[in-house]
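Supplied in structure tokens, the structure appears directly below.
Residue numbering begins at 1 within each chain, and the chains themselves are lettered A, B, C and D in the order written.
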């Protein structure tokens, strides 16, 4: 392979070289300081693929990275285009291999075809990686590239090659799981504050609370990106499933809170990818499952492993759902909601006709509706039922599945509980009327759940969630709400039977 | 890409599965303990590529490795064939992509063709790597495979995929250079003793001497193979170029010898690859150049960096050379050599005609000829001249270039000096009549040397070596030998002018 | 020694024991859970000195520390009195040894006397130290003790023993110097914020700035107090002597400021002891000198090592000085200051007589006087001259020497420069009218400076400071102030000639 | 304290100084290169106690250590005498403090007396410790000193001060327990080979076997002696009490033997102090007990912790015992032994009278008697009974207790089993006729055992040992021997009931 690529490459390398470098300069000469930086970068990239690159080890790669670091934004974009538009497989060779394969599709010829088809760009990127800091530079290259990919599909081949290499390099077998706590260097902790994507960290006090003895935090690291978490997950040790996020995020009055007596559950309440440039390389599934193993070994009393997750797509879906189906609410539900509108509004309605279901919900959920017992009670039943519908409908039609649901269900988790008023922060109310979800990771059923979900879109769910789907469309009995939060430490369970259906 | 592979793969995976597993068992079920181990290994490999593999994190990979570890040799061979003979790209898809490319050879279609052509086997191997110890298991797999590759070319596709992955995974950017000394864990030091391939380490005392303060040892390590050096190099700090190996290997009477006063040269006297399974993945070039940088930083007084290397192919080549060319020796040389034969032999010769040049050399180099001043003096001139010829002739015709020469010249080193009686151990005498060579690594000329060698086979050489080629075919002046060893600490320089031609 | 102590000790141990423990319980029995905690602590302390303590390794010590940790404040105080009031050397033995020494004061008898005189309390404290966390517990014990020592001199023997042990245990040879930077664990960094005693750290942003690449921070650690700095020093890398603290403390707009071009000076701008319980054990002198060595090795360009220090005793001294000596100001100075008072005040003065010099200074330095060019100019000359007097007068009479001056001069530093308006924070103005001082650590003169200071109280000083003492009592030339801050990066030099007198 | 010492010290320091240094040279001047090294060392020691020592931090200490390292043996001895003969407490001050105490023996005056009595030598040694490598130099100083202490009692005060300081510095709380295994740096492992004092390590292969997975090795380290074990213990994991050492020391044919199935016992078969200079500072007791805790935590299946120990004093004692008491053997025993002598010898006896008991034993144990079933059987009963007597007799009269017994019994261990033919190496046969002993460390009885042993010399023992003492003086039943070794894995138990009396 190497030979054919190199021989094939030489021709176009020389052509490109002479197109960039001054005439009369010897081939493969070091581009002088007078050469414009962008041209130097291009020539160094060519040199790196040539014999010079082979001989000089990482020296040319290092020089190339240094030049790249000095390029201005426009030149960097031009260099990305240079990479994306060149370094293709040799056309004649590939054509011959394709014809040979078509003539006789043997394993040997398939292999030969594969080897000819690999673009020399991949070898170039591998050689750039040899310099100190090479991996970080390539990840940064892709970060910038992804920003413009949609506008500029010509960059796709470069993106594809980078993703291919990263998927191989950042293979699970090369990642190191590290516990992150208050003894971790500040330079790494600082990055948690920057990268946290689910529940913003408000500063060092907030961070400290998330690393207290009743919490755990783990991240994947790769030795070529020292000091850089690739992904991290935050875990709370609690008793029973946690149904609401605000109590978990509240700053503790104690200096270093201990796990509660009788704690039996690890709640994964935040998981954040850190490296935009590694988009598409999957870490989360491995991280959660590895952390489950670590926690089991450290804390044998833990019996349940569950997320407390947002439902980012619910409100968007609900609006479309209500618009489409006038009977999404039962008449009783509709009546109860309409009764909450001010009289003046009723008059206006008399003129304009009754509001649509979507409009009704919008009006009822103005302001801090969840602090108003009447509105909260009227909304709870129908919204939770529709959330159950949203999260369990087959993975087809009517818009994509909720992205967080897809991630955890695809990992083999089970939809365990839907929590009313689990997140009363503005974003939670806006996205999902404050609902949060527990996805349960039960090692014994992960494979079956995953397979059912992948093959047929079937969503594994607890009996409590199942019951919500089947239940007569009636509001939940009064009083239920006041009883449950005590048990759950905040928020409210999917149904009064939630406790019985807790994972065992 | 992932989708088309998976979809395409499913068909043949299912077919293979049903061929191995009991009828009636549900697809992707865990193979039971009753299944024969080889079948379990096959089924787990298939499961690893299926959805189960995606869901279960590294669990299926771990199980597969455990089963593999229990297989007997025959079953392991069968499993390698199973891997090599299956997991091909989907034929229909690849055919379509090949046709599409031929119809319009655009960059996008080249990329699509490349993605279809990647055999699912590579993905399988990447997933096997996710388990703890996965990389070591794959390296071991290739070690076994290489043993039978020549006999069994059907294994080539598997070998090709493994080499391709290893070249990417063991990229220079992912290697860690570590100094190895007497503070290194014994578990690693023990491996030096096992892996040393050039000058055998005779036990812990010998090892200790090679790690004394006047020596350096460095190795590359990879975090997925903890405690395993990939390659290591042994270095002696000396004054002037060292020309003979025995003084360097001699056990010192001092507990921990210090570098000699005025030391200015680092002699790389042994470099050993450790992992047979990584054959074809190149480390040596990077290692030498990195170690030069490390040594420069630690010891600013060092001015020369050179090997002291064997010439493994010289005697083999010499025999052919003498057989082919009756005039390889001058008449004087020939006369001087013939005069060394015992009289009885001369008589026999009178009958049979004079011996051939090759036979003459063979007879003169019987026993410990190098301790006999007459024989040593007569051989020195002609053999050194022919060694210079052997090492500098263009890289074509008459047998391959010496492998050690090819490695260092290919790295851009210069043929600096040929040392007479540099290695009087049996192997040294047998391979090269005791000659050793200094290849000099001069950072300023490495790239040019490499390029000249790669492009035209030109061997960079010192003026002293050049002079040997041009010199009249006369024996060296008497007395030269007795003077030099004192300067060089043993062995003898290429010519009396060697000192003047030492690197500067 | 051990025998006599043990035998002597047994008697009073048994007496004490029977006074605390229930009658009828066997000697050395484990105090039961029913025993009040304070009694358990006392009995465990006795047991620790008995054979049980010898046999059980660290077990009794561990138990004692556990009980101590549960004691309430009152009981802890009682336990300290128990330690201080008992565990004395055996009276009969000591008396005999004293008499023997007086009879014949031989070295042997002096040694015997010393051994008898060592209170068993020291052995008890050494045994308490054997438990995990023992050292920390003993340091905490002394911290509490020091709080009440003045009120309660009966605790002095315990304090004396603890200090004696700590001085031996925290010997320089057992301390580890560690660089502290942004890669240090947050749990340690947090303690810098807590312990900083000179210029308060305002939070993590402020801390981060003090650990940026143009700064250095080092601390001493001891392995028995893991994660606990004993003392730390903060250093700024600057060009020329820094004369003012506010520019050094200002938050930088750059993410991580680099040392300024041409930096040649390390300014030690803050040094804080961390462990109150180690009061009287000296670390600062060693720390500064060791850090000078470290910095020299890391940054060969550094040529000067100096503090930027407060003058905490100046204003207090100045008031007494002015009260005592009506002619502390020249008539011109006095006139210039008086002219700054408002006319109304002059009238009042006409009645009451002119204000005293001290009152004059007090009135002129109301409010933000240092922003008022007239007041600032009038004060500068006389106050700087008097500061020079304050810092250089012999170490006798009229109150103690300034404590910061005593520390650095005692270490052998030289009084290099007095900086006008070096610290305009409230505390700096209140303590020293804003003046700060550079004490220069010049390795070549440290020993001589120290000896002169220790023997005769002579203060080593630069020519610039010397000149201030000798100068005619005239205000500094107008305009000087506006010129200097530019050179010095803030603040103002001791005299216009300061630049010339900078360390060379 | 510091003040009085310093003031008191100055006088004699000055006197000493002027006795050594050239007249006319300023006090405390740096001794020039022309000064003889011994005088330089003396002057630097004096300087170190003077102000120079206070000011210059560790610089003078470092210089002193450097000079000491260059001294020849005679000068080093002279320097030790210089230290031992000077640096005494000031006589007048101490006299006054002694008189004051005698006048009123209050706690305050006792404290004052103690402080005056501390010889300035201790402060000098503490200051020597401040230099890098100071602790190692002081330990080496005492090592040399101990070699000559008996001949030269004038060195005692220096020895006493060093021991006093070391006991404080090497307090258990400052030691670090480290596991030593095949991943330990070779530089440390090499020291195990050198320091092993009980069963010599025959080289790296032997060492490797002692660090295999069925073994454990732990040592104490102190951070001021990096890379130097202070003491280490070797442990074998076995099933049941091991009674013989040879099987434990045998090189294994397996690469890395695993613990035997069902292992339940940790055998401490070798414990070696490493630093002669720390003689008298006790580590062994702490080490054994800490290692018991470590092993319990790592291997919860372990139920017994026992030594396998030599009995170095048995043969010496036995000879005296037999000489003194003609009836040490029963007539039957005596007859059985006599019957083993060759007939010729009997004749000689007829003339000379029967041999003494001691002579009889000596004659019967000629050669490899233990391989001769008749002799072995006749000796077994009486020797084991007498060994039990030797090891259990009260700690008084007839020579000292066996030193190994005293150590373990003093630690609170129990004499568990006496093993016949436990060590058939020459040294074992010579010291104890091949017997070895198990001392059992049972955490529940350690304190009581220790106290009984310390107070009254009572030796805790198992029922099996007790039975041996009481048994009729009869040889053990034939056949017993052939049965037991199988159970015990080599060697033979104290009695046939040994298994029942195994620790439970």
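In this text, a residue touches a chain if its C-beta (ideal position, glycine included) is under 8 Å from a C-beta of that chain, and two chains touch if they have at least 3 such contacts.
Not measured: the values here are computed from a predicted model.
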| item | value |
| --- | --- |
| Starting at chain B, fewest touch steps before arriving at chain D | 1 |
| Any chain in contact with chain A as well as chain B | none |
| From chain B, the most remote chain by mean C-alpha position | C |
| Centroid distance [mean C-alpha coordinates] between chain C and chain B, Å | 62 |
| Chain C and chain D, separation of their C-alpha mean positions in angstrom | 44 |
| Chain centre separation (chain A, chain C; CA means) in Å | 52 |
| Touching two or more other chains - residues of chain A | none |
| Chain pairs that touch, as defined at the top of this document | A-B, A-C, B-D, C-D |
| Chain D to chain B touching residues, read off their complex | 182-187, 189-190, 203-204, 208, 227 |
| Residue numbers on chain D that touch chain C, as the complex places them | 1, 28, 51-52, 54-59, 85, 88-89, 91, 94-95, 98-99, 101-102, 105, 107-108, 110-111, 113-115, 117-119, 126, 129-132, 134-135, 156-157, 160, 165, 167-169, 171-174, 176, 223-224, 285-286, 289-290, 411-412, 446-447, 449-451, 454-455 |
